[in-house]
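What follows is chain A paired twice: with chain B in the first complex and chain C in the second.
Moving on to the complex of A and B:
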């Protein structure tokens, strides 16, 4: 457990995190995890976060060491897509019983690794620790080390017991496991000056595939996406990439920063959401690659691609303007980059009546204010009841949020769109923004809302 | 007679089983104005919440004591206390139902005595009932947690009474029943002039209705005042073997005798139920049920072509396995693979050679050569890989809509199942025929 608490302290000290940098020493020591209020908490645990971050690695066995709850209640519930192996879609767990709790679960874990290696022949096994084995003191690292020696494949321990903190912490602990056990352990077969890593993109609803063709057109190769639609080997050998983009900044910043330190791979924080953000991301990648030895010509090529793609997207979006102009959106996301979506929605004439800033930095907030105006309704915390009232009172025409508040909107008979991890539509890239606006249009302008709001004739 | 096989594997692959605490939590959700709480780390609740939201497509009231490493080691008194006070402040529930988890059971929290402390310290939560049930994750499965929670509610909340209200009966509903199933049972009982107190009643709380206002607790379900009066009923009808312990607890406490109906799916078993209602009430069977029975018989005639000798693979919790398995065997199907999650006295009597307490990997291995897989939504992978159609039964059903309204009890529910399964089989047959025609087309070309 000392290693785990040391790791947690380490990720809390993250120097590249802007939010962290603005804190006092004392604040920083407390870490980023808010003390949870019993009876008023919502959200996943560290194990959940670690699983979200790594499960998109498609060809490894993700083995959860714990009782049935951790994996049995949660497996196959995320929309990360694969172009290859489907092994990641299976649920593997030691499903520990009372005897294991009393005598320790190490033997069962070792045997479980043996079974999956023999049956599924994966390139690696990822072993996730959960609360009970952590509490009773199962030595995950030792078991994984022994299994690695015995079976001759990498067996990666991921220290992510749920009680150690939030989902966000779990993302970071997963990143630490990759840094300690995976990244840099193999050499790539080919390298080019156009190789990049994308960090913090999970290919939900196949979003990466919406962006990848843009890179293909520029001759840019994704060495590894951490972790959407990735293979073990790609991640193990991604330390030879020339540049990196950090997508969901707060989740995996430790990977980006440490890879810069260890392997000299420069990175920038960017987003694929929103037209201008997408263009900005392409520009940044091209610039970094040219700095690291790619042909100068890449910059010009990138500008041409951006011009074409932007024109195409705006032309498509133009057709929605008339139908969406003046419609009011309430935007509640866990994500930090809501401002990039805000600006895109404003472009089609929509009014963003409020947006969540729970996880945003001061800088993000200033940016949102700049885009939305000083009266912008920045929401730190909103109870479902308040949200329901706001929607019921028709202060917004549509809610864009994660699944958690889905029924708050639907029960108020207000249109709702999922823009979180369970979503079924891909919103990344130029095409994605058009998709999002198209989905908003279909949902908002559906005649059914009128019918639903009409009371029964006898009421 | 079936031999029970306990899987010897150290690694469960593609679990069939769900954990005890969330089974307990769902039982608490069958009570009006209630708020279930899992005493564990916040992830325990988050996973349960997402699972139920995806299944019911409803808002799910479920809270957490948000244990962390330190509070686990020091004991969860303060977390339990704060959770109760916070929930009461925000939601004013009539009942807070607390389920333990593997984490707090490993530590060994004495939650019963914590509740006494909370009662002493907080008179403001006086009008809120507190029920605690021990449901460690590393023992049993979903239906066990459900059964324990119901037993505990009876022990704590039902009042003893010497009075008997004529025409009032209790129905103890197993976790395998959908909202539509409970409504159907209620209707059957009411058609005989009986008034039923149903425990738990998810047909009131999780049937997908639109409430007038927004509250964080359940809206609908068994009202607490009714639950307290279960001791005044003439008789208790328990549906599913998993409710036996609860039915016994009720009889021991109040003297109300019980009948167990192992299942309400299939001609003979529904007959038995209707006949029992008729004999309890001394009333003739309403024409409506004579008609429904004859419709079921007709459906069985129409569908039997597809069922005679049909090899099937089943994966479900014991009571559901029993209900669906027996019905399909009565229709002529042969159970080649039967996988379940936990022990039950029913298992040795299953009409098949073996019942494995295992996972969906076991099911997939044994399902080769069968023509139909019946299990929850997680069976979709096995179904796709084997090219065998999947009929979804049980919880979770997250990749289809209408889980709450799927009816599988009574004459009408049995008929539904037959039609739906038969349509699946017809579709599969059509696919195979197309393939056959394609192959013959190409051979005729090359010949």
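Moving on to the complex of A and C:
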């Protein structure tokens, strides 16, 4: 466990994290999320975080070492799309039993790796540790090392037992595993001065594919997307990229920062959500690439593309403006950067009555204040009860949130639209913003809400 | 010799069934040869050209200009509806005066839909009966069916044949009674149900009115008419309802929850859902014969499917009862209106349990509305059901585009239009009264929709036009047991919602199921 606790401390000390920097040494040691309260509702564990961060790597075997619970409940549960291999959708687990708990699960794990390698010949096996093997002391790293030598393919241990912490910690532990065992282990066949990495993008509902054509048009190549729709080889060799964009800052900041440190790949934080943010992201990428040796004309080409795409999107949005103008939105979101959605919604005339900043950095918050004004309602942490009250009081017309708050919204009789990971509509890029607004329009205008708001007519 | 043995696609060791037989290369080759050598075939391009042409607006206009020919009409004939009404009464044998072939159809129609035996007899009129009148067939028929099947009541309707020659049921039955075919006091209500008028819903109406007026107006002159003494009770008439097994039970459950004193007139939920336990039940359940007489005293009668009871309801009205008419209420608002009417008529409040069920249906709609919102639907069926479904679709935010009803008239057309006009989701909808499924085919080609709602026969439309079919209606032959699920009440709304959703999700899966091609969106979570 010493390696694990060392890893966790390393992650907690992450210097690029805005939040970390503002903490005292003592606070920092304690980690990012507050101590769990037994008996109170809580989110996913570190294993879940690690699994969802890496599961989008499509062509490797994701093998979960543990009893059935962990993989049984997480198998193929993410709408992360693949343009190639479907291997990532199979549920592999050692499904350890009582005897394994008594005598140790290492042998079973080794055999499982052997069988899965023989059967699927994957480019790599990712082995996830869970609470039970960690408790009984299975040496995951040793087994993976032995397996790697024996079978001649990378076998990557991901130290993510659930008890080690939160889902967010798991995201980072997954990032550490990539840094320790994958990134930089292979050389790319070709490199160009236009190669970028996209970090923290998971291709949910195929969102990466809404953005990729824009890069294609500019001749920008995605060396690796970590981890949406990626192949093992792409990630193993992505250390030769020229620049990186960090999409979801909290989950994988350690990857971006350490890659900058190790391989000199500069990165910026950006978002594909919202028209101006999409444009900003393209601009930043172009600028970084030009700084690192790409042709100067890329900047001009980017501006032309931005102008064209923005015009196209605006034209499409114009039709919604009339219907959505003045509608009040409450935005409770974890994964996506709320300020970028805020500005996007304002672009069609909607009023954002409040937004969550739980996962936002200080910088994010400043930006939100800048767009929404000083009296903007920034929500750090919100219990369902508070959310209910806010929906009732603020008289929001619609709640945009993750699936978990859906029922709060329904209880408050406020229309709700899913904008987190279980959604099925892609909201990234220029096209995506039009999609989002279209979905908001539909949701707001569904006749259901009238039925929901009006009491039973005999009351 | 051996070669020819092998060339045969069927041999005793491996007999192929019909699914596979004619797909064997030998047959394919033979068909091709036969076509080229003997059938003087039109070139394949020509066939394709015509096929494409039938999808055009030009063809649609010609199709809609049809004056005489009906192609795939979606309706059945009067006696079918008459039988439907009759079997809902205790120990009642439906007796169709006319040719036996018609009755064989009715029985198979119901058996195929309900997957239950369906008892019904005819007077088996033949050519001489057609010439000399069917009186003897009635006399013998009533005598035989009475002694063979021991019914408590025989409900007589007619086929076209008897109607064309003008057989007088009242006189014939009286004659048979006098001749001793049946006891003097044995109940034989009757209704003239010519198939060349109206459809099965008209037959339902006629038989229902026939039975009520027989009991209330002095049993064809054999006893004094009943005198109405109002009591605190309501009658319910379900109409011709393909979901009668589920609906009747759901209805009774809701009314019991409300504590309503009610009488159902024609309850066929048991006779079309008999248990398999070694006992054959020719008759099961149903409205008691004494209750038919009692029903005149009820303070009100509620018809759940108004187009099935036009004459019956006005007859009941004349007797001095209040009446209320619905059109196959499906969904939240329609059920609200139905329950409130019951509450108003009886003074009983709507209990919390039902209000909770209402909330659950709203919840279910809320959970899934995004998948239905804005989807375009075509639908057809009986007048009441098309209205009920249209209302529900509008409530879900779906867009009914083509609403077609072969047995719908002017009044139905007006009602359907009003319904569509009242919702922004109905603004692209059109209403087609008196049109058939070949019209629907043109509609689906020229103005495509996302989903089609209709009975089993619509599977050909699904095949031809590629429009996914949601089976709701009558008859449903090719899927089993749907009739066991209610479509009325909040529970019923839930069922209809699920059927619609299931098809939407099935289509989503179908659209993404090809391995290594489209399955990147073949998801477990929808």
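Definition applied: the second predicted complex is superposed on the first by the 441 of 459 C-alpha atoms of A that agree within 3 Å, B and C clash if a C-alpha of one lies under 4 Å from a C-alpha of the other, contacts with A are read in each partner's own complex, and residues count from 1 in each chain.
The rule is short, and it goes like this: a contact is a pair of C-beta atoms (placed from the backbone, for glycine too) under 8 Å apart; a residue touches a chain by one contact, two chains touch by 3 or more.
Since the model is a prediction, treat every value here as computed from it, not as a measurement.
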Clash or fit: chain B against chain C, after overlaying the two structures on chain A?
clash
Look at A:77 in the shared chain and tell me whether it touches chain B only, chain C only, both, or neither; answer first, second, both or neither.
both
Counting residues of chain A touched by each of chain B and chain C, the higher count belongs to B
By the touch definition at the top of the document, which applies to A:271: first (chain B), second (chain C), both, or neither?
neither
On the A-aligned overlay, A:333 touches which partner chain: chain B = first, chain C = second, or both, or neither?
neither
Which partner does A:254 reach: the first (chain B), the second (chain C), both, or neither?
neither
Please work out whether A:451 is in contact with chain B alone, chain C alone, both, or neither, and reply first, second, both or neither.
second
Answer with first, second, both or neither: which of chain B and chain C does A:168 touch in the superposed model?
neither
Is A:439 in contact with chain B, with chain C, with both, or with neither (first, second, both, neither)?
second
Chain B/chain C common contact set on chain A
76-77, 86, 422
Chain A-facing residues of chain B, complex
9-15, 17-19, 21-22, 37, 40-51, 53-54, 57-59, 63-69, 72-73, 78-80, 82-87, 90, 101-103, 106-107, 136-139, 141, 210-211, 214-216, 361, 378, 381, 398
Please output the residues of chain A touching chain C within their complex, sorted ascending.
76-77, 79, 81-83, 86, 206, 410, 417, 422, 424, 439, 442-443, 445-448, 451-452, 456-459
Chain A residues within the chain B interface of the complex:
36-48, 63, 66-77, 86, 89-98, 100-101, 108-109, 111-116, 119, 131-132, 134-136, 161-166, 383-385, 388-389, 392, 403, 406-408, 411-413, 422
Chain C contacts chain A in the complex at 332-333, 336-337, 339-340, 343, 349-350, 355, 358, 362-363, 365-366, 369-370, 373-374, 394-397, 423-425, 515-516, 519-521, 523-526
